[in-house]
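Take a look at the structures below.
Each of the next two complexes has chain A plus one other chain: chain B in the first, chain C in the second.
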Partner chain A sequence: MTEIVINDRTIDAQPGQTVLEAALANGIFVPTFCWHPKLSVAGNCRMCLVEVEGRGLDIACNMPVTKGMRVLTDSPEVKAHRKAMLQFITLNHPVDCGICDKAGECRLQDYHYAYNGEPSLSVEPKVRSTKYYNLSSRILLDNERCILCLRCTRFTHEVSKSMALGIEHRGDTSVIRPVADRPLGEDPYSDNIIDLCPVGALQSRQFLHKTRVWYLKPTPSVCPGCARGCTIQVWHRKAEWRVKALDPAQNNAIARVTPLENPAVNGPWICNKGRDLARLLERQRATEPMLRGAPTSLEGALERARELIGAARHPVALVSSWGSNEELEAFRRHLGAVFTSFVKCDAVAEPGERIEDQLLIRADKNPNTAAAEALFGRAEAQLPEGTDLVLVWGEGFDFARLPRGARVLFLNAYLQPENGHADVFLPITIHTERAGHFTNFQGVVSAFQPCFEPPRGAAHAEALFAALAAPARVHA
Partner chain B sequence: MAGRQLLMTFPVTESSHRLAEYRARGGYAAIEKALRSMRPEDVTKQVTDAGLQGRGGASFPTGRKWQVVVPGDGQPHYLIANADEGEPGTFKDRWILENAPHLLIEGMLLTAYALDARHCFIYIRGEFDLPYRRIAGAVDEAYAAGLLGERILGSDFSCDLIVYRGAGAYVAGEASGLISSLEGKKGYPRNRPPRLTVKGLYQRPTVVNNVESLSNVTVIVRDGIDAFRAVGTAKSPGTRLFSVSGHISRPGVYEVELGYPWRKFLDEDCGGVLDGRALKAVVPGGISSKILTGADIEHLTLSHESLWEANSTLGSGGMIVVAEGTCMVRLLEIMLRFYHHESCGQCTPCRHGTGWMHRIVARIAAGEGRPEDIERLYYVAKYNDGTTICGLGDAAGYAATGILDKFRDEFEYCIEHKRSRYQGRLE
Partner chain C sequence: MRSLIPEFEALRARFPAGFASSLVLPCLRRIQEERGYVADEDVEELAAFLGVPAIQIEEVLTFYTQFRRRPVGRWHLQLCRNVSCSMRGGERLIEHLERRLGVRPGETTADGRFTLSTVECLGSCGTAPAMMVNERYVESLSAEAVDALLEELR
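Our next item is the complex of A and B:
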């Protein structure tokens, strides 16, 4: 332990820590733009200048703690310099917060109000630069807003290793630019630089001018894209900002997905697939129970399903690897004794998708294979001749594999042709409509919360399993 | 001749830069002596005791820089000669590179021996053409004569020397920016700590010395401490090369014994101010050192201590003479245009501050000054001082406040009357 004093408070710092790390670990806030705990120290924004007694001002992010040092983070000198740094940063930064997507979660905005609050001292024209520069099909760059903290270039060099970004030119005409033969579009982690950007320079094309962030609420969730199970925040419209006149679909749509920092699983990052959760989940939903394609009531469908289960001599169940821990447990409890159960691989990699890498992406594209296999084993699905009932839970099963004469009980969330071929079809909810847990490939259990109301007609699988075992009322 | 000389001791001819003539003048005797009879630490001690101060601009004691590097600590060490002479007004290293390249190479060998550096680099300014050809030719000559490469002069000491050309960035003359550039990266200076003598080139202990400093190492080892200290003053031993330009009758590179009277140097050695005009101001050592008026230098001598007393420095030895009748607003505008153009853009205060100051002064010079502009220039200079990664931001501020402190009335005149007191003339 290295004892240091920050603002008259004695602090036990770890040897090898910087003053900034020691301060933050002890609840003393020091503003930063370029510093990020998972990136190397760049020390270029100069926002974390602190005063060391006897040594003057220096940046806290690159200052190793030394025994007995006395640091001031709020002295008049430090405050004056912070103010000046903000004057410099805003010298050429456009004041276009009114049309900037970052407004409301922008560090520059926050710090300006916290530490400066004064209009610019400059009367000179601002340096003009490129607006809406295409970095990739996913990301736009506004060079006028860029404060050159180099978080994005460091991310591509140190974390995603695509080396896709660099700096061209110098001085106040420096610009972030893609490196010619290393396209950012091929970096499956590229969108993290949008979160990393402390200002509104890097913009998501999906999210561009769609909504203001203060209309949105982040709900903690888990990405179902692969067995990593990254914790995420699903951003959707706040209840009090539900729109009536505009497209009401917006009320139940995912506005964007951002990482929820989790040192045990994904750190502060997620991959682009996780950002595209809307494409994965917002497909047309099935909302009507059916008997061989004919719509029926939920009670009627459950009645018929119980008949089929009662009559079956060799029933087989294909259990979803997208089911939550709770749903899998409910299936085992209510139906595990009736069915011979196998774990089904619901999703496989799409063409062009990265299969697996060292950072986050796993080859298994299902979120809960670990929990499902713990309950139902790892055996390959067997559908021998004589199987007379197959319960299919979730997507990914090829109906051509069904044994001749077998009846089918199908639980699915999406509108698909197979729904009509099932003897009994039951529409179910998806994971953004319910609470639950996924267990990732390392055995780490992460919770997800409901973001939206389920569509009318879709029932929670957990309730359906109980009702399939014994008559019970199911809300849908 | 401005006092005794240590480097410019021979007549420059068509072939005086060649190895044969250098040897005839007693060249490579110092390295032979060192390899035969001195331990590496003896060389370091000799340079430390001789009191050699860096000739690049900061005047940091050369021996103290070397002492941080521990020979034989199991990791590679590097020595780099900083020949990226880019400070405006400075062209004195160019004289060594063109006319005495072997003096530098011998100094580098001695330094490499002292530092246990197997690989040395000369980072030469990209715009230097003849200096590059001369130093590259000299390196070839030295390799052919067995003075570079494996087992030099039959000893156990091996050393390779690589000449690397810069690509035209002032900031790459800053030691850590130079290292970034040498590594093939953008020439961004680095944050300290770690110091370059701890983690420099390729994250290894590295010493970056100026060309003139390294050339002086040859003189110190060859002639001994006493001979070196006999020249100059007690606090500033030796000589300095000055490149004199501006309004001066005989511009050029001069070797001046430290402690030599300044006024005498300008009037007698350099032939006085151009056309016999009065001396208005002198930039002592490159535009990053604070300007002094003609009256200021009247009783100053050319030594570090004398300049420090006058709140300036000898800097890089780039002396710019400014005659009476010169518009200081225009002069400052040109200086700030340079800093604005050369700021690498890495850290916030310099990236924006240099451009801000340049635009303010350009506006004043164009007759659109505002009363608050002078105060604003002081503000920008103040918050550039000590807040940047390297010294470029500070230097821009010093250039501005240096001129504003001494010639504030000219700026006020320009703001009030919307025109320069001197019709904006520099000549």
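Our next item is the complex of A and C:
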């Protein structure tokens, strides 16, 4: 332990820590642009200036703690220099917050109001640079807004290792640029630089001018894209900002997905597939229970399903690896004794998708295989001749594999041609419409919260399993 | 660049292991000396040879304005446009050369003999205005001296 004093508070710092880390670990706030806990120290923004008594001003992010040092983070001198630094940082910044997607969650905006608050002192015209530079099919770069903190270049060199970005030219003509041989578009983690950007320079094409961030609410969730189960925030319109004039689909749509920092699973990053959850989850939904393609009531469908289960002598169930821990447990409790159950692989990698890497992406593209296999075993699904009923829960089953003469009970969330061929089809909810937990491949359990109301007609699988085992009222 | 590889190997032996990025600058200088400019294929080949990301070579190339990405004429005239030279008539000399050669700074004459460039301080303020002709310094210039030089080089 190294004892240091910050603002008259004695703090036990770890040897080797920097003053900034020691301050943040003890709840003392120091503003930063370029510093990030998971990236190397660049020390170029000078926002974290602190005063060390007897040594003057220096940046806290690159200052190791030494025994007995006395640090001031808010002395009049620090405040004066911080204000001056903000004058430098905004020297060529267009201050176009009114049309910038970052407004509302922008560090530069926040620090400007907190520490500067004055218009530019410069009478020189601002340096003009590229707007809407095409970094990749996912990211646009506004070089005028860029403050050259180099978080994005360090991310591509140190974390995603794509080495896609660098800084070209020098002085006030410096610009972030990609290089032709390592395109940023091939980096499956590229969108993290949008979150990393402390200003509005890096913009998501998906999210560009879509909405203001203060209309949105982040709901903690878990990415179902692979067995890593990264914790994420699903951003959707706040209930009080659901406007009638908008297309109603917009009020219930995923506006964007960002990582939710979780040291046990994904740290502060997620991959681009996690950002594209809307494409994965917002497909056309199935909302009508059907008997061989004929719409029926939920009660009627359940009644027929119970008949089929009662009459079956060799029923097999293919359990979804997208089901939550709660749903899997409900299936085991209510139907586990009736069916011979196998875990089904619901999703496989799409063409062109990165299969697996050292950082986050796992080859198993299902979120809850670990919990499903713990309950129902790892055996390959067997559909022997004589199987007379197959319960398919979720996507990914090849219906051509059905044994001859077997009846089919199908629970699915999306519109699919197979829905109409099932003897009984029941529409179910997806994980953004309910609370629950996924267990990732390491055994870490993460919780997700509901973001949206389920569509009318879709029922929670958990309730359906209970109703399939015994007659009960299910609300859909 | 391939003909320079033995030379680069010798250079690499003089650096500690893991310092490949320190070799970027000396290698680029030699490439430009040999070819007259740095071509895109040189960047690719050097990146492959040193094992550094190509963006790192682009960063160095764009940072130093002395590196050229396009061929220049037989004679590369680099006129200083910094304070001392401007005060001693350097700006007028630039205009004079533009008229004489019929090109703007950054351009090459149609016959490929002259490329006109303006540069920042050449470190020759005591003998301003100054100009570099290829690697040679020409100092204490006047319009007459420039005309005589052009005749000599033509």
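Note that the second predicted complex is superposed on the first by the 476 of 476 C-alpha atoms of A that agree within 3 Å, B and C clash if a C-alpha of one lies under 4 Å from a C-alpha of the other, contacts with A are read in each partner's own complex, and residues count from 1 in each chain.
Methods note: contacts are C-beta pairs under 8 Å (C-beta built on N, C-alpha and C of every residue); 3 or more make two chains touch, one makes a residue touch a chain.
As the structure is a computational prediction, the values presented were derived from the model and not from experiment.
In the superposed model, A:Ser40 makes contact with neither chain B nor chain C. When the two structures are aligned on the shared chain, A:Gln442 is found in touch with neither chain B nor chain C. In the superposition on chain A, no contact is made by A:Gln14 with either chain B or chain C.
When both complexes are overlaid on chain A, the residue A:His169 reaches chain B and chain C alike.
When both complexes are overlaid on chain A, the residue A:Ala180 reaches chain C alone and has no touch with chain B. In the superposition on chain A, A:Ser297 makes contact with neither chain B nor chain C.
Using the contact criterion defined above for the overlaid structures, shared-chain residue A:Asn62 touches chain B, although it does not reach chain C. Number of chain A residues touched is higher for B, counting chain B against chain C.
Overlap of the chain B and chain C interfaces on chain A comprises residues 166-167, 169-170.
Chain contact summary for the complex, chain A toward chain B: residues 41, 43-47, 49, 56-57, 59, 62, 64, 81, 84-85, 87-89, 91-92, 121-125, 127, 147-148, 166-167, 169-174. Listing the residues of chain B that touch chain A in their complex gives 169, 171, 186, 191, 193, 340-349, 351-356, 359-360, 363, 370, 376, 379, 382-383, 386-389. Contact residues on chain A toward chain C in their complex (touch as defined above): 157, 163-170, 177-182.
On the side of chain C, the complex with chain A involves touching residues 44, 47, 53-56, 58-59, 62-63.
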